[in-house]
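Data first, discussion second: the structure below is written as structure tokens.
Think of it as A, B, C and D in the order they're written, each chain with its own count starting at 1.
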Amino acid sequence: MKMKFREAVRDATLLAMDRDPSVFLIGVGIIDPRAVWGTLSGALEKYGPERVVEGPLSENALTGMCVGAATMGMRPLLVHHRVDFLLLTMDQIINHAAKWAPMFGRQQTVPMVVRGVVGRGWGNGPQHTQSHHALFSHAPHLKCVVPTTPKDAKGLLLAALQDDEPVIYIEHRWFHEDEGEVPSEFYTTPLGQAAVVRTGRDVTLVGVGPMVAESLKAAQSLEQEGISAEVIDVRTLHPLDSATIIKSVAKTGRLVVSDSDWRPCGIASEVVARVAEEILDSLKARPVRVTWPDSAVPSSQAIESVFYPGAKDIHAAAVTACDKTRATGSVESTVKPFEGPF
Amino acid sequence: MTQTLTPDVKRRLYHGMLLVRRTEERIQANYHLREMRSPPHLYMGHEAAAAGVCATLRGDDMVFPYYRSHGWYLAKGGDLGAMMAELFGRATGCSRGWGGSMHLIDVAAGVYGTSAIVGGTVSHAAGVALTFQMRGGDSVAVVSFGDGATEEGVFHETLNFASLRKLPLLFVCENNLYATNTHIRDRQAQTEIWRHAERYGIPGRRLDGNDVVAVWHAAAEAVARARRGEGPSLLELETYRYFEHCGINEDLDLGYRTAEELSAWRARDPLASGRRLVSDGEAKEMEAEIAARIDRAFEQARSAPWPTADFQEAAR
Amino acid sequence: MTQTLTPDVKRRLYHGMLLVRRTEERIQANYHLREMRSPPHLYMGHEAAAAGVCATLRGDDMVFPYYRSHGWYLAKGGDLGAMMAELFGRATGCSRGWGGSMHLIDVAAGVYGTSAIVGGTVSHAAGVALTFQMRGGDSVAVVSFGDGATEEGVFHETLNFASLRKLPLLFVCENNLYATNTHIRDRQAQTEIWRHAERYGIPGRRLDGNDVVAVWHAAAEAVARARRGEGPSLLELETYRYFEHCGINEDLDLGYRTAEELSAWRARDPLASGRRLVSDGEAKEMEAEIAARIDRAFEQARSAPWPTADFQEAAR
Amino acid sequence: MKMKFREAVRDATLLAMDRDPSVFLIGVGIIDPRAVWGTLSGALEKYGPERVVEGPLSENALTGMCVGAATMGMRPLLVHHRVDFLLLTMDQIINHAAKWAPMFGRQQTVPMVVRGVVGRGWGNGPQHTQSHHALFSHAPHLKCVVPTTPKDAKGLLLAALQDDEPVIYIEHRWFHEDEGEVPSEFYTTPLGQAAVVRTGRDVTLVGVGPMVAESLKAAQSLEQEGISAEVIDVRTLHPLDSATIIKSVAKTGRLVVSDSDWRPCGIASEVVARVAEEILDSLKARPVRVTWPDSAVPSSQAIESVFYPGAKDIHAAAVTACDKTRATGSVESTVKPFEGPF
């Protein structure tokens, strides 16, 4: 059935709670009638305050509580209105949640999911727009996913809620209104699998988050240049599905990785490094990373619009990689300003 | 050295509140034009807090507002034109267009930058108070935050350190009963926030945060204490926000609070009760002066240049 | 349902303390052999805390020790052999050799894993207490931590949440006056830690942490309250560590504490005063039984296999 | 003059405090008579508790206090006994310290330094041995350095204390006893400059932290294979000095990057990505990353010794890169067990 991204998140959440009594929700402001942009609508009414646990503004303690509950076999889903707030909880995420299984010889598992929303748009500025998925893709025993379609929003959330390691689920508010076909029943999108969302011959465009749509747009415009582009949605950032990427680049010989995050030590770097390390000889052109510039995200629309890279940049990079000298530059990115002020 | 409630102070109190109220009303009225593109956390209802406390401060004292920042920024003497330009996202904005409504600053006027992270600047204030102390002199730092911020661990960490080192620091909690749309009862086991201070040997008081004169008296005492080197104090100001948590609208439709509650608080409006502090003539004069300043600020903001940024590599 | 101090309980109290003391003495005596290669935070001096509280608990209750972990682990019934094997870094260790002294665990005995991050497990205990509450039943979680841990924001965050939700949770602060080598006076503005509880509507008490019977009584009351669903309590146990913060030596040479202070506390040794709880014959029997167990644990640990690990890619 | 690493850190600290009254020390346990492994010995006696500020166990607040003080023109040096504790302070480091200058249009600077010590050795286990320098090398407006010699320990600390951006200074306890020549006067090792510590023709060995010594050791043993290795000490991880690395790889055509941290989204990935992106054509062999395995750091000596990669691994990687089939495998890593229990 047709569903919006936000509805798919909600659908997965209610389905998981329904099927598994060990799943519960916790977070700051989750009993708010706005229900985290509607992604939790109805949960409180259906499951009550025992399973929809409103948290005080104590993100660090809430995260540790999830670790405690998870090791006892519960499956907490901790929800944050912004990814930025997760920085208050890094000790519990990396020193505790990720360490608990190995540190005690794998006697316990830590099946918890942390959802963080990226607040890009409407001048949200430097502290409400960060994604930071690279920070969650560095340390072992921790997973990180970034869904880009309603179908994956549901499938990845259900998979995360079944996984026995802590999973960070980065959600772009940007996608909330996107509509797509979503199976109404239970299913999972396996963690650790990238998706080839468009096949092509000449260049591989690997994208993360909103850059997948930009890559698809670029792929379309590249057709006019006579370039056939394959597009891969990374989906799970950690562990990274190199196999799918490698296979594609082995075929196309060219790589443009675009990421909705900063460049140094980011996912784009990781993708390029793996490709160079494993199939250097297949590369016919220098790989290119399209990422955020080395700057905080500005608030003013005048500079925000220059800040974010898009289809145009991917297009240009692919054209260069394919040794075409002419770039149409006609492609515009799919920017749709976020309209809510919050 | 206690301060006295001179006619001049009275004017300052009322003027401070009025400036905030009228500015935000104008923001509210113009917001639909989509020229101000950043999330506004309106201060309306809280005006007595910022105006009352700031009237006890000197230029060299530093206030630390939170993201609900317009009130303290203006009451401390922050540049109105630069604030409006910031909301309009212009290069002439107080943060050069990089911050928006949640991130105002005016160091020259003693307004420290504000954070969109709840509790984010509480420890900054302690660091600045420590700096004041290290450098000698008798400047004071004042940090304001909501009831929700007191649930963050850093608030408690900072209370302890401030008391331990007798920092010249005033904690001001603006308790408006809600954090976003969750009532304090659903978040705090015991809701007398001022008592946290007691625990650390810090003088704490709860008072009517809509009574600007009471706020002024309490703040004057606390600030004098800090200046004497006797350490921090905490004031819990009971107040209420009139509009939605973030945005320009009323939000009774959400159902998390009642129309009765809102109107009971409206009946205690700080500007209505504060009106008696000045004569009719003075009030009229202020209205005119403020309206003219706001007109000018909006006009200039509207026509101000956009910021530019040279993101090296942005085009890659 | 209050518990009574039966001869059986008395034996359990003394036995718990003795087991910890003798085990750590043996660790101390053998440490120079360099077979135990992880940083030991000896519990000696604190024994009444763990033994007193654990004697009020059932098998299904869960304790949350901190990195100074040997005491609670043993008093709660953790496997001595597995603990020693862990200190020896062996595959049969309670953490399979991955944790070392700072990271013991024995879930079957109700000992939750310990953290090397100060305050790290305080919130874990709340999560487990929340789980107990969600699942029904009347199990109780008990978290222990030092005086230093109460300076971490997360302690305050957890107190609030635990009280708000009336979690079946007992907070036990072992106040030994120091965090590493810094005195509490240099860290805390007000040093009555138990008063933090009061602030959240949590019953709190400070008591002589070296009086194992007093600890037992207070803990029994708090645990009963938690079982009845009436919420958390906090006990501040005044106690003292005999040896260096981490390691096996005395540390009077460092000069951060005096020989007088140490000997005054040694005069209040929990084992000396607790000795009256059992007859001479019982004590002798316990000594023999414990010595034999320790002998066996050391022997088995020494000859246990090393862990292996297959780090895919480690060789690259 | 000859100085140990720990003495060089102390020398820099006292020198900076002496020259600049705005420099002060703050941290948990810094008035401890052990003085952070002697790196702060004498500071308290000389400057008193006003400039050697003992912090309660409140890392998050202490970090925020440094931000406040720094924006007022002070130059705080915040000291942690373990890098792991910095995870409690990520909100202040990334959301605040790093954002304060750009978020307000660069009206203030945030000249603060955070020193964190890596506790590798003596079974310190999963929570006391992390380096996490990649986490501090991702977001903009934040610098990260890892000195490996007494001389750079002093020079980089003095440079960090003069810098106007927040700098994370990662210090390996491992080096504390190392001795080397250190100028006794004031000098700085410029931030953002890698050092070529050995010149060679056939392969470039880029190292971070303890892996620099391992790379040097490997370089020596590679001589016996007829391979001439150039060794680069990255020193500043963020911003990364690509130029020096690129220049070397352009010459040698071969690259082995070794890092004392996890692999995904790490510095090794970043180095490989930059090289592939900029001088793909110069690469004669696949670049190789030698990093920690995808696992928490174990405590037991039996598995700890297998965990850490060393000269042997670098040697083997270089041999493969140089297309030699025979690897002596005789080289052992420079492991010197840390002997203190704390």
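In this section, a residue touches a chain if its C-beta (ideal position, glycine included) is under 8 Å from a C-beta of that chain, and two chains touch if they have at least 3 such contacts.
Note that this is a predicted model, so its numbers are computed, not measured.
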item	value
Listed chain pair B-D, A-B or A-C that repeats interface C-D [over half of contact pairs the same by residue number]	A-B
More contacts between chains, B-D or A-B	A-B
Distance between chain centroids, defined by C-alpha means - chain A, chain B (Å)	36
Computed distance of Cα centres, chain D from chain B, in Å	41
Between chain C and chain B, distance of the C-alpha-averaged centres to the nearest whole Å	46
Intercentroid distance (Cα basis), chain D paired with chain A, Å	30
Residues within chain D bordering two or more other chains	56, 58, 60-61, 84-85, 88, 91, 95, 102-103, 125-127, 288-289, 294-296, 298
Per-residue multi-chain contacts in chain B, two or more chains	93, 95, 97-99, 103, 115, 117, 120, 151-154, 157, 160-161, 164, 187-188, 307
Residue numbers on chain B that touch chain C, as the complex places them	151-157, 159-161, 163-164, 187-190, 195-196, 198-202
Touch list for chain D against partner chain B, complex	24, 50-51, 53, 55-56, 58, 60-74, 76, 91-92, 95-96, 100, 102-108
Chain A-facing residues of chain C, complex	93-99, 103, 105, 107, 112-113, 115, 117, 120-131, 134, 153-154, 157-158, 160-161, 164-165, 307
For the chain D and chain C complex, residues of the former touching the latter	28-29, 31-34, 54, 56-61, 84-85, 88, 122-128, 263, 288-291, 293-296, 298-303, 306-307, 309, 313, 316-317, 341-342
Residue ranges of chain C in contact with chain D within the complex	37-40, 89-90, 93, 95, 97-103, 115-120, 148-149, 151-153, 179-182, 186-188, 245-248, 254-256, 306-309, 311-316
